[in-house]
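Both complexes shown next keep subunit A, but they swap its partner, so subunit B is in the first and subunit C is in the second.
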Partner chain A sequence: MSLPIFFDTLIEGLSTGCIFALVAVSINIMYRPSRAFNFGQGEFVLLGGVLSLLFLNSWHWPWLAAVPVLMLIGAALGGLTDLIAIRPVISRSATSSAWVITTLALSLILDDEIGARFTGATAVVPVPPLLTTTPMNIGSAQVSSYQIALLVLTVLIVIGLWFAYRTRHGLAIMALSEDREAALLRGVPAGRLNLVSWMAGGALAALVGVLAAPITQVSSGLGFELLIDGFIAAAIGGIGDNRGALVGGLVVGLAQSFGAVVFGPLYQDLASFVVFLVLLGLRPRGVLGEARVREV
Partner chain B sequence: MTAAVGAIGESETMVDEQRILLDLNALHAGYGSAMVLHGIDMTVRSHEFVGLLGANGAGKSTLLRAISGIVQPRSGEILLDGQDIARAKPQAVVQAGIAQVAEGHRIFGKLTVEQNLRLGAYTRRLTTTELAHSVGLIWELFPQLAERPKSSAASLSGGQQQMLAIGQALMAAPKLLLLDEPSAGLAPVVIEQLAEGLRELRRGGLTILIVEQHIPLTLSLADRIYVMRNGKIVVDGIPSASCTDAMLQAAYI
Partner chain C sequence: MIRRPNSPARLVPYTGLVCIIVLCISPVFLNGYLLYVATVAAIYALAGVGMNVLHGYAGQISIGHGAFFAIGAYVTGILTVDHGWPAIATVVPAVLITAGLGAVMCLPALRLSRWYLGMITLAMAVVIDDLIASDQSVTGGGSGLIGIPPVSAFGHDFTAVEIYLLFAALVAIALLLTRNLRRSPKGLAMVAIRESEIAAESVGVSVVRTKFLAFVLSAALAGLGGVLWAVLNGAITPDQFNTNLSILFLLIVLIGGDGRLFAPILGVIVLQVMPESLTVLSTYRELVYGALLLVIALFSPSGLAGLWTDTLVPAVRGVWERARGTRPRRDTADSSSRVRVGSDVVAQKRLTTLPTLSNSNPAALSLNGVTMVFGGLRAVSNVTLDVRAGSTHGLIGPNGSGKTTLLNVVSGIYRPTSGAVLVDGEPITQHSAAARARAGIARTFQLPRLLDREDVITNLVVGAHRLRHGSTAQWIVRTAQARRDEMMQVDRALSWLDFMGVTHLQKRRAGDLSHGDKRLIEVGRAMMSEPRLLLLDEPAAGISHDEIDRLADLIRALQSTNMTIILVEHHLDLVTSLSEQLTVMNTGGLVASGIPSEVIKESAVIEAYMGKSSLGR
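Now for the complex of A and B:
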C-alpha cells in the first residue's frame, strides 16, 4: 500500500469512525438509565440525514438554524419512543426485554415511512459555514477541514458527556444504570431521567444524521447499517462506556476502510465483524469496559 | 417517672416522644398473586428505636419495601405523620422523610465514596456548601469513610460498605431510618462498631426501624420489638429477659 493511499484510507476510516462512535454514544445514553437499546436508532440517524436534505437543499435553511431544529425533532422522537416503547415495558417489569420487540416494531414503521417518502437521492449537502469537504494537502495526506472538525466535535462530545455524568442528575443516571432498585430507594426519579436520556439520545442521533450526510450516501439501507455498526462500536468499547464507544467507533471505521482497500469493497462489512469478534474474544467485557462482579 | 416532674419543655418533649410517626394499618402486600403481608398493624413513635424480628420468609423485607414504595400494597394504610403514603412512589417517600438502607449494603460500586453520599442527598437539592456540610456530618459519624472519599465504593470492605449505605440514607435527612438486616455478613467486631453508630444516631434523636435476624443486637438496641411470622405480627412488646424466649419461640419454632 502506498503512503498516500494509506493516509487516505486512514482519514476515511477515522471520519466514518466518528459517525459510528457518535451513534454508539447515542445508544449508550439511552441504555444507561433503562438497560434497553433502541432498535430504531439507525432510523433516527437516517431521518436526521434525510431531513437535513430537506431543510438544507430543498428549503435552503442556513446550517446553524437547521441543526437545532433537527435535534429537537430527534429529541421529540426519542422521548416518544420512551413513552410508547420503553416506559410501559419497564413499568411492568424492570427486567423485561420486551423493548426489543417494541423498539424493533417502531424501527420497521419508521424505515417504511422514510423509504416511502424519500427516494435514494444522492445530493450534495451543504456543510457548516467556514468548513468544506474539499481536501487539503497535509504532507502525503488529503484531509478536508470538515473531517478535522468532525473528529474534534466527536471528542468534545465524549468529553462533555463525561462531565455531564458527574453532575447531580448524571450521578443519578449512573446509579440507575448500576442498581435500579437501590437508586429508587435514594429517591432517584427513574421515569423522568429515562425520558430525558432518550430525548438526548434522539437529539444526538439526529445530529449524527446531519453530520453524516456530507460524507455518506443517504440511502434507505443506511439506517440498518448504522444500527449494526453503532452497536458493534458500543460493544467493542463496553456497552455504556462512552470513551470506549469512541475507541470502538474509530476501530470499526478503520476496519471497514482498510478492509475495503485490502480485501475489496464487498468485504468491508466482513472486516468490521472480524475485528469485532477478535476483540470481544480477547476482552469479553469490551476494550474499556469493567468486569461485572456477581456475588453468588 | 421523670416526665411528671419538670418544666413545660420536658412535657412537650414527652408529648413529642409519644407522637406516632409511622402507622401501618391492615397492610396487605405481595408480589403478583402471592400475598406476603396479611394485615400488618404496626406503629413507630417519634424518637423510638423499633426492632422487627422474624425468620427468613416472614415478610420483613417486603414490609420495608412496601413502606418505601418499591412494592405497592394491595390494601391498607401507611401513615407518615398522619399522611397516607401507601400509594406513593419511591421518590415521594424519600421526600416525605423516610430513607431505607436495603439488604446487602447496596451502594454504587462504580461511584466513589463521596459520590455515593452526594447521591443520597439527591432529593434535597442542596447548594455546594450545604452538601459539603452534610457530607462532613457523615465523616464525623464514620471516620473510616472520611479517610477515603475518592475511593471507589466497590473497593471498601463489607463493614465500610454498610456504613456508606447508612451514610447515604442519612444524607436525605430522614425523619425515619429503615434498616434491613444491616448486620448480615459482618464480623462481630464490625457489628459492634455498627451498633455504636446506631446508638449515636439514636442519641441524636433519629427514629429508627430495624429489621434483623441478629436477635441479641436487636434486643440491645430497640425500645420495642415486633416479631413477624408468615406475614403477620405475632409478638409486640418491650425487650426484657422474660420476653426473649417467648419471642424466639413465636418467630422461629
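Now for the complex of A and C:
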C-alpha cells in the first residue's frame, strides 16, 4: 500500500468512524437510564438523512435553520419510542427484554414508511456554512475541512456529554443505570429522565443523519447498516461508555476502510465484524470497561 | 369433587390438537400453488421449532436465523449443482456446517446480556447475506444457483403431495423431540435460564453451555429448513434470504405462543398461509410484521397458544361445568388429583415421613481471610470462620453488615477480592456458582428466585439438576432410563411437598404463590439437590408467624439429617433456637462468634444492633 493510499484510507476510516461513534453515543444516551437498546436507531439516523435532503435540497432551507428543526423531529420520535416501546415494557418488569421486540417492531414500521416515501435518488447534500467537502492537500494526505470539523465535533460532543453526566440530573441517570431500584427509592424521577434521554438520543440520531449525508450515500439500506455499525462501535467501547464509543467508532471505521482496500470492498463489513468478535472475546465489557459485578 | 373422567369438558384441550392435525393433513387435498404454500409453511415451521427452543425455552433472542437457513440451502445447492451429490446426501453436511457456524457465532455473546445475542446475530446475518450475494465463484452471486435436483429415492421422483408429507413428517418428528427435550433436565435448565440465570446457576446449571446447546440446536434446525427449501424450489437466489426471513422465524414463535409446543405450527398458519392467500398483504410485509410484533409484545406475551390454553379452554370448560353443576372449586387439591411435568401423568402417593436424603457426608466449610471490595466499599473485610460439618451456623448482623455478600462469596456468585473458601479442606474459591451447586452447595435467596411461569412441581424437579445425568440424545429420545428418572424426580418432589404440607400447591404457577409459599418452595428446590451444605438467606423475612413456625419445623427436620446449614436471619429467637454456633457481623467484619446464648449477651453485639447509647442503661 502506497503512502497516499494509506493516508486516504486512514482519513476515510476516521471520518466514517466519527459517524459510527456518534450513532453509538446516541445509543448510549438512550441505554443509560433505561438499560434498553433501540433497535430502531438506524432508522432514526436514516430519517435525519432523508429529511435533510428534503429540507436542504428541495426546500432550500439554510443549513443552520434546518438542523434544529430536524433535531426536534428526532427528539419527538425518540420520545414517542420511549412512550410506546420502552415505558410499558420496563414498568411491567425492569429486567424484561421485551423491548427488543417492541423497538424492532417500530424500526420495521419506520423502515417501511421511509422506504415507501423515499425514492432513493442520491444527491449532493450541502454542508454547513464555511466548510467544504473538497479535499485539500496536507503533505501527502487529502483532507476536507468538513472531515476535520466532523472529527472535532465528535470529540466535542463526547467531552460535552462527559460534563453533562456530572450535573445533578446526569448523576441521577448514572444512578438509574447502576441500580434502578436504589435510585427509585432515592426519589430519582426515572420516567422523566428516561423520556428526556430518549429525546436527546433521538435528536442526536437525527443530527448524525444530517452530518452523514454529505459523506455517505443516503439510501434506504443505510439505516440498517448504521444500526449494526453503531451497535458494534458501542459494544467495542462497552455499552453506555461514551469515550469507549468514540474509540469503538474509529476502530470500526478504520477496520472497514482498510478492510475494503486490503481484501476488497465486498469484505469491509466482514472485516469490522471479525474485529468486533475478536475484541468482544478479549474484552467483553468494552475496551475501556471494567468488569461489572452482578447484583443479587 | 371428582370430575367424571369421561366428562366432555376434559376433551376441550384435545380439540385444539385435533384441529391442528386436520389442518396439517388437509393440504394433501390441495394442488398447485396452495400445496406449494403449505409445503413452504412446513419448512418455516421446522425453523420455527428451532426458534421455539432458543427463544421459547431458553429465552435467547436471535435476529439472524435466516442466515443459517440460507447457508443450509447453499450447502445443498453447491454440493448438488457443482459436485453432483444426490440431494438427500447433503442433509448431513448442511446441518453440521450450520450447527458449527452457530457455535462460533454465539460463543462471544453468551456471557453477555441476552439482547447482545440479538444484535450480534443480526450483524452476522447481514455479513453472510453480503458474502453470499457478492461471491460469484462459489454461490453464483446475485443470480444464485439453479438446477438443484428434486427429491428422489430408489429412482422415484417424489410428487408434490409426497414432498409435503415428507416435510410435515419431519416437522412432526422435530416437535416430538423438542417436546421430550422440554421435559428433560437440559430443557428444564433452558427454562430456568429464561426465568432467572442466577437461580439456574444455584441449582448447578451451566448457563453458557445450556444456551450454547439451545443456539446450536436451533441453528441446525434452521439449516435443515434451508436444505428443504433448496430441494423444493430447485433454484436459490440471495434475495430469498433477507433479514425479513430472520424476523419471520422470531415472529412465528412469538405469535404462536412463546415456548408452547405447537407455537411454530400456529405461527406459520397465521403468518405464512394466511398472508399468502391474501396477496395484498405481501406488499406491506415489513409494516405487517412490525405491527404484529408490537401488538404481541405489548398485549399478548403468550401468543395464540396462550390465548387458547389460558383463556379459551378454561372459559369453555367453565361454561360446560356450570351447566352441569359440577364446577370444582379452584385450587382444591383432592387425593385423586394427578400431577404432570410436561404432560407425564403420575399417580400421587402420600408420605408423612422426611423424604430420604441419600448422602450422609455433610460438608465442613472454612473461610480464610475473605475480603470482598466493591469499588471503594469493603463489604466483607478479612473474615475467617469455620463451620463444623453437620452443624447449623447462624449469621446475624445489622442491614448492610455483609451477611448476604458473605453468602454470595460462599455460593460462588462473587469471587472474593482476597482470601479463600474451603469445603472439606479443598479450596473452591475459583469454582463457578454452578460448579459449587453441582458439588452439593444449595442456597435460597432473600427474594425468592423461582421459575415464575412454571408450576411448583417443575420448580422442585429443576432443583435435582445436579443428580440427573445422561446425554442430550438419551433425553430427547426418552429412553426407559430417562422416563424412570423423570418419574423418580416427580415422586421425590411430591414427597417434599407432602412433607412441607403444601401438596395442594403442586399445580400452581410459582409466580402466583404467596411470599411465604415461595420461600417454602425455594427451600424444597434446594432440598431436591440433596445438598451437603445449605445456605438460607433470611428465610423468615416477610412471612407470617404461622409460616415462621412451619419453617422452623422444616429446618429442625433438616438438622436431623445431619446436613450443614448456614442460616442468615434477622429473627433472633428463630436463629438462636436453631443454631449451634452463632456469628455476628458488623460493617463487613466479625464481631463475635460462639454459642448463641452467650454471643447475644456480648456488649459488642448489643452495640452493633442497638447502638452505643443502649449500653449505658
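Here is the rule we go by: the second predicted complex is superposed on the first by the 294 of 296 C-alpha atoms of A that agree within 3 Å, B and C clash if a C-alpha of one lies under 4 Å from a C-alpha of the other, contacts with A are read in each partner's own complex, and residues count from 1 in each chain.
Definition applied: contacts are C-beta pairs under 8 Å (C-beta built on N, C-alpha and C of every residue); 3 or more make two chains touch, one makes a residue touch a chain.
Remember, it's a predicted structure, so these values are computed and weren't measured experimentally.
Once subunit A is used to superpose the two complexes, subunit B occupies space that clashes with subunit C.
Of the two partner chains placed by superposition, only subunit B is touched by A:Pro189; subunit C is not. Residue contacts after overlaying the shared chain place A:Leu277 against subunit C, while subunit B stays out of touching range. When subunit A is checked against subunit B and against subunit C, the one touching more of its residues turns out to be C. By the document's definition of touching, of the two partners only subunit B reaches A:Glu181; subunit C does not. With both structures placed on the common chain, the touch criterion links A:Ala85 to subunit C but leaves subunit B unconnected. Clashing C-alpha atoms with subunit B appear in just one stretch of subunit C from the list 57-65, 165-173, 237-245 or 543-551: 543-551.
The residues of subunit A shared by its contacts with subunit B and with subunit C are 293. On subunit A, the positions that touch subunit C within their shared complex are 37, 39, 84-85, 88-89, 97-98, 100-102, 104-109, 111-113, 115, 224-225, 228, 231-232, 235, 266, 269-270, 273, 276-277, 280-281, 284, 293-294, 296. Put simply, subunit C touches subunit A in their complex at residues 61, 63, 107-109, 111-116, 118-120, 122-124, 126-127, 130-131, 134-135, 198, 243, 247, 250, 254, 284, 286-287, 289-294, 296-298, 301, 374, 404, 408, 413-414, 445-446.
By the touch criterion stated above, subunit A contacts subunit B in their complex at residues 166, 168, 171-172, 174-175, 178-179, 181-189, 290, 293. Here subunit B touches subunit A in the complex through residues 68-70, 90-91, 93-95, 99-100, 102, 106-111, 115, 118-120, 122-123, 125, 154, 168, 172, going by the rule given at the top.
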